[in-house]
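Each structure below appears as structure tokens.
In the two assemblies presented below, chain A is common to both, partnered first by chain B and then by chain C.
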Partner chain A sequence: MHWLQHLPRHCLFLLACLAAWTLAISQDEPVANFFGKHNGTSGHTNNWAVLVCASRYWFNYRHMANALGMYRTVKRLGIPDSNIILMLADDVACNARNKFPGSVYAKSGRHLDLYGENIEVDYRGYEVTVENFIRLLTGRVDPSVPRSKRLLTDDRSNIFVYMTGHGGNEFLKFQDNEEISAFDIADAFEQMWQKKRYNEIFFMIDTCQANTMYSQFYSPNILATGSSEIGENSYSHENDNDVGVSVIDSYTHFVLEYMEGINKTSQVSMQDLFSSYDPVKIRSHPGVRSDLFQRPLEGALVTDFFGGVSQAEIFPVIEEDADTTLQYITRVSFPDQVVHSDPVSPQAYHDQGVDMTKSNAPALTPEKDNMMLDVRWKDIRKWTSITIVGFLVGWVSFVR
Partner chain B sequence: MHWGGALFTLCLSASLAASYTNNVPSAISGERYNEDLFIRPLLDGRVATTFTFTTDLLEDVLRDSESSGQHYTLFPLTLGQILEEYSIAELHLTLNSGKWDYDHWGYPDDPSVGTGAELWAWMADGPSSTIDERWTGLRNALAGLFCASLGSLDMRRTSSPSTVFPISSSPSTPHALRYANLPSENVCTENLTPFVKLLPCKSRAGLATLLNPQRIFDADWHGLNIHLRSTEKGTELKLGVQAVFDPVRLSGGRRRDWSFRLLFDRVIHNSCSVAGSSVVRVQVPDGESHALSPTFVADDSAAAVYNLITQVPLDVSMSWPYEHTFQYPRVHQSRLVPLSVQRTLHGSSQIHGLLFIALTNNGQNDIVVGYFENLPALVTLWMHTMEIKVDGVKRDDLISNVTYHPHHVLANGQKSPSTFQATLTIPAASTLHLSMEVSRAFLKYTEHPPDAMRGWDLPPAILFPVCDPTMGICNMRNTSTDVRGRMYTPSLLIDLPTPDFSMPYNVIIFTCTLITLIFGSIFNLLTRSWVIVRVED
Partner chain C sequence: MESPLFLPVLATCRLLLAWVHFPVPDGLLIDHQLTSPLTSYFRLKEGLWLYHHGVDPYVGGILKHSPLFLSLFSTVPLGRVAWALSDIVGAWALVRIWRSRQQLGQSRRDGLVGTAYLLNPYLLLPSLASSTSTFENAAVLLTLMFAAEGRPSLALLALALSTHLSLTTLLLVVPVLMLLATSPTSQLASPRLFGESYWKVLRYASEFVVYWFVLVCAASIMAGGVWNWMRESWGASLILPDLTPNPGFWWYFFTEMFDHFRPFFLMVFSTHLVIYVMPVCIKFQHDALYAAFLLLGILGAFKPYLTLADPGLFLSMFAVFPEIYPYLRHAIVTALLHAHASLLLPLFHALWVIEGRGNANFYYAASLVMGIAGGAGIVDACFAGMRIAVGSVPEAERGKWEVIQE
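Let's look at the complex of A and B:
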């Protein structure tokens, strides 16, 4: 009866196999499929932008224009004002020195007004401080802070953080009065990760020696880019003779020029954006840090961070089935091909090959059957492992 | 049941009357919206424009606690929620920029022309801690709504002058006032954007299409104001924009002709369909040398009236065809208001100064006026040095009812503002000089703003009409030489002694160097031993 002596060992071995099988086909997969983490897509459901201009005074007009240029771009690509936190340390549009009141221009020639008529600046003037910035990121704000000044992100938010001002080796100056260091920002991002306040962060910074600012990050899912290496300055791009000061910085100018060719349906990837950097034209060496970023850069779309584009595919309502408890299936997936964020028209259905007619309803039922089969296998695994454990316990207690 | 029937008949008759006169279906019961633009050409070639957007709620939203929710059609929900949340009976917020020249421009249509941000509110009374909490909540909610940094109107700038800003209705429960101002606040497009979004037609139709930020913020004086108060009929919300334009500058220094196209770079194409009335009134100057187009209807006060509901598209223009180049009026022209005021800060020392106020009575009757100052703890007023002089002669009888609260330290270490209030009598055709010594505060290193070298702004002083005890009742006297409404002086810029902000760095470097040298020397002296080393030849 030697096999009976080996029975507990065999049962334990069987139990271990069952456990491994359960772990392998884990519960996370349908959830991941639902959010589209397969195929290398981002898995975000909303977009936020935090745009910070940290310099004061009229001669830093170009920093304000940098931040406003980014503001205009993200608004154009779909992020609403409620999801944008714009921090401007000084008021240049209605400054007494501005010859064109109510307008901020980023190019000499003054063709495009960045201020416009519809702008909301959330933090202005003396409110742009290091403390307010870190409180905004981490969410530790006073209860009296109004809703428009809070970063209400969740763990499915992609955040675009843009900072500009005067800076140096691992620091950025706020209002010529105080500094924020690369360690502060890295710790703030880590707090955000611990509190599940972001899905992915894209950090862009345009100052002197900007690449040092992202050297200290240690949280996952952060993609960072800066305008110049350590020991290098970032230069302004051009002056406007009537405004009287430099109106834009070189790096931001070229990034904005590139973004002008992008609209909401664009499939341009972050790698394309980074490949467009030309150190000769920008007059400094921009850098990229992607080791903390888990997706390949060719698969990350520019609109994942700069735009508020969500991709949804809506299937028609299926018949009610007596067998199933599921009445309606609305499956939201993130396919590779792009669907417009406009309201879906019947035309789109035909383009996708999905027919609104009733004959297509049975096409969905095999999917339904698959799901039922999965549920049954889970039940079998569960009961088998319980019986094996119960048998082992009973055998041990009976023998002893 | 009486009020129900009365309200119903009121609404019915109002809608019938409106539809009979204007042919506009005012089918929204309980709410009324009217817009008005008043244009007044001034003697120095400028044009004062006042936009007023009034929304009336006929039921009492603020005290109707049985209402099942706030359902408004024309009244902005965001403001309604703020009022409900903080139990506000009356709310006034103004954001102004520039200096209103009373002498040459006369009285403004809306009296709150103090520079910067000014906020005051009457709230339902309670323990002072809840009032202060609600005041903080109100400030921050309005700061978020209007993109203004009103969060810094904290207890360092808040006071409670209830005679200067009396409550306009007579509520049944007691109410408390909180008042604060911030003269260094900038006004720009980000304040105008949410302001326009509170209007029913926004900037697409009606008078609000003229609100072009590139022109409004180019004006010599501009301001936004929000007035919300309870009347006996319900709640009245008045949103206003005032601006003083300079057509002479806009036309290159030659002509004072103006039109909508020149002033606002816009014309009105559509009228707001939910507006009960939408009019443009132009004050026609005396004489015949001007021409006003298009054709207008004159009302009883000799102002031209354009009804926007029937007369769209509209571009009003006024020109002086027989005037080749505009000539500015001479300096000795009579002043438009009976009282002129000048406030200056004398003294070149960084510790002491002299606050000097000159009130000039341009008329032939004595003027009794109240004077109010709400100064943050940056300056300390010394009451014992106060002097009142008329033509060099001390006249202590001209001041009465002096109230002075010096600044004191609050529980959180901040200092409250000092308030000074007095009633002054200025004799006819003379100038009264009020002077007081002040001392400037020495702030802590961290209390200085980032641009500390600019200095601080001191809020404007306010002249307000006072009740005359001989009259018995509190209303203004009927003579035309009296002060009408509140008057604001310009704000002052004060230089406080600033530390050398590089000193902490200097001290650290110097101390570290000294310690290194001292420690290094002593350590070497104590531990270094001299050893003779034989060197081979």
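Let's look at the complex of A and C:
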């Protein structure tokens, strides 16, 4: 009967174990999710943003505010100014008609000043041209163009390209002066692909008939979204009565509102973003083009494009030993000896999925011998030449 | 200066100068008057470092020295003592040349000749700047010494070495061969035809080629290749890849040369050096040592990468030919031109490169003055060497005629 006395205690103990076990399991889920989402990882190491407002003049205040709103969002989510190319006509903040000089607002009520003191406009005024935009993308810039105006991306860069302004069927108007066509942008992206200037591009455009602008893309790894279908207009969202003009566009407003709920650690996917589109509220039908995009949209994080977030990967620890140290020394001091495999590099691991075994270890020992042989060979050469000269001098002096 | 101890004391002083670690200002080591890309101490150090780290030192256009320097300074430590010893060897060779020319064992003028070499600022300063032109000069003087003393094999070996170290010394091959066939004593006053057997000269020439070839082999083994060091060290004199300013004529010309004309003008400038050999040797076939002296003067004015050490050798060798002194017509003009040039060169160099107030034209003008000084010396020596043959105008004829030009 003594076990009956201990029964409550045992039960409690069992219950505690069960609770712990289920909790452990349920912890696995988000953990697995966290790393699971990285299975289809994009493999990018840096983020860039190209934000283009293609309009000028006071009445296009909202386009300026669109671009500045996106600028603030990407900065907040971690992309530094050095990696953001902001192209604005920049004639709104200090416009004579601006009742709030030096400020640009995106919502009526004027609670958040997007212009502020800490923005960096790279291409302003008349520098926002089709030619400059395409040169920026393709990298064919004049040698005198400073670094801040160059898109210094590499093949591991994710680029967020945002364009806003007045547009139409497969064209976008630049500064009331010229237009860029969907074919131009598609070709520019193809050039970037050929020159390995991006890993993935997320293209967002807010104009009338915006979805036509991404219809001509043909390069891989591009995800595109636009604010309205062909034949549809994109509308502004609201006016501010004191500023006197529309301060934000509808589509961009809802995207920015969505973004306000995102921070750097967010695991929200692009599919979630696209699912949040409400054509009724936006008053147009936003579209998505994902056929060129290799990853599933559920696996692509919003911060892959909007934020400057690095991915962490775990791989087994390799213990440092004499062989790898020697390999490093050989690489440093004898640069002419090429050491082909580098098992320590995470890039190599990521790219090839190589087992972290010592399969490369046998290759290291011949390197050591080679180094010794080279030193010997050098000494042999030196002493041979000295001996030859010495013999010559001696022979000539004493024999002849 | 007449005491027999004078030269040893001077040599000791020169050694002490190297031993005592007085700080040679860095400006001296990189001075463009004293060093050139072919003789620069820093390039030699860099080449040694590259060699010791297993990198081919001739890739990259840094090292333009001969590989024999690399092998020498890999074994012997690179220090100022080596330069002091080389200076002493050069001075000793000059004294021996003087003695064999005068056929004297020891003379009162030995000290003066040694001083003319050791204390010549044109030679002392590059030596303090650790420019390898000291070794080149020493090799040339050893060649002339052995040739004057009638030791053909050593002379030809030294000639092969000096040609190996500096390609332009090839100009001296003909006079040295002639000197070996004749004697070093002064025949200036009594010119005669070169009556020696040409076969002897040809034998010497083939011996020279053999020694030269062995040295090339030793150098190639050291450098680990044949064309890399040849292209860099000898090719530099022919192709002029490096246009660092120096007191010579070439660099300025080629900075503004269109690529299209470059090969032609390189050929012209190189031919300009070569065309002096035969006329000088034919005109002075009776005194080959004097012909060598004149050709050293030509080199000292028209070499590709000129430094002050090259006219310095020419000026020091004046001490070996006192017989021409009465016949030098404008010795003081030459001296003043040299003084003028040697003051202007560093001044305009500093004005151009350091201060930025002048430009390359200032410096080139000063180097043109140096060229005129060199030319004046050559012309004067040439005239005096020939004038001595005519002799002094007899008393009776003094007012009637006068030797102007031969």
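General observations
One rule holds in what follows: the second predicted complex is superposed on the first by the 273 of 400 C-alpha atoms of A that agree within 3 Å, B and C clash if a C-alpha of one lies under 4 Å from a C-alpha of the other, contacts with A are read in each partner's own complex, and residues count from 1 in each chain.
As a convention for this text, contacts are C-beta pairs under 8 Å (C-beta built on N, C-alpha and C of every residue); 3 or more make two chains touch, one makes a residue touch a chain.
The shown structure was predicted, so the numbers you read here are calculated from the model rather than taken from an experiment.
When chain A is checked against chain B and against chain C, the one touching more of its residues turns out to be B.
When the two complexes are overlaid on their common chain A, residue A:Pro101 makes contact with chain B while staying clear of chain C.
In the superposition on chain A, contact is made by A:Ile388 with chain C only, not with chain B.
When the two complexes are overlaid on their common chain A, residue A:Lys149 makes contact with chain B while staying clear of chain C.
In the superposed model, A:Ser397 lies in contact with chain C only, and not with chain B. Chain B meets chain A in the complex at residues 97, 136-137, 140-141, 143-145, 147-149, 151-152, 186-190, 192-194, 203, 212-218, 449-451. Chain A contributes residues 333-336, 374-375, 378, 381-382, 384-386, 388-389, 392-393, 396-397, 400 to its touches with chain C in the complex.
Listing the residues of chain C that touch chain A in their complex gives 51-55, 67-68, 70-72, 74-75, 153-154, 157, 211, 214-215, 217-219, 221-222, 224.
Listed in rising order, the residues of chain A touching chain B in the complex are 56-57, 91, 93-94, 100-103, 113, 115-122, 124-127, 144-149, 175-177.
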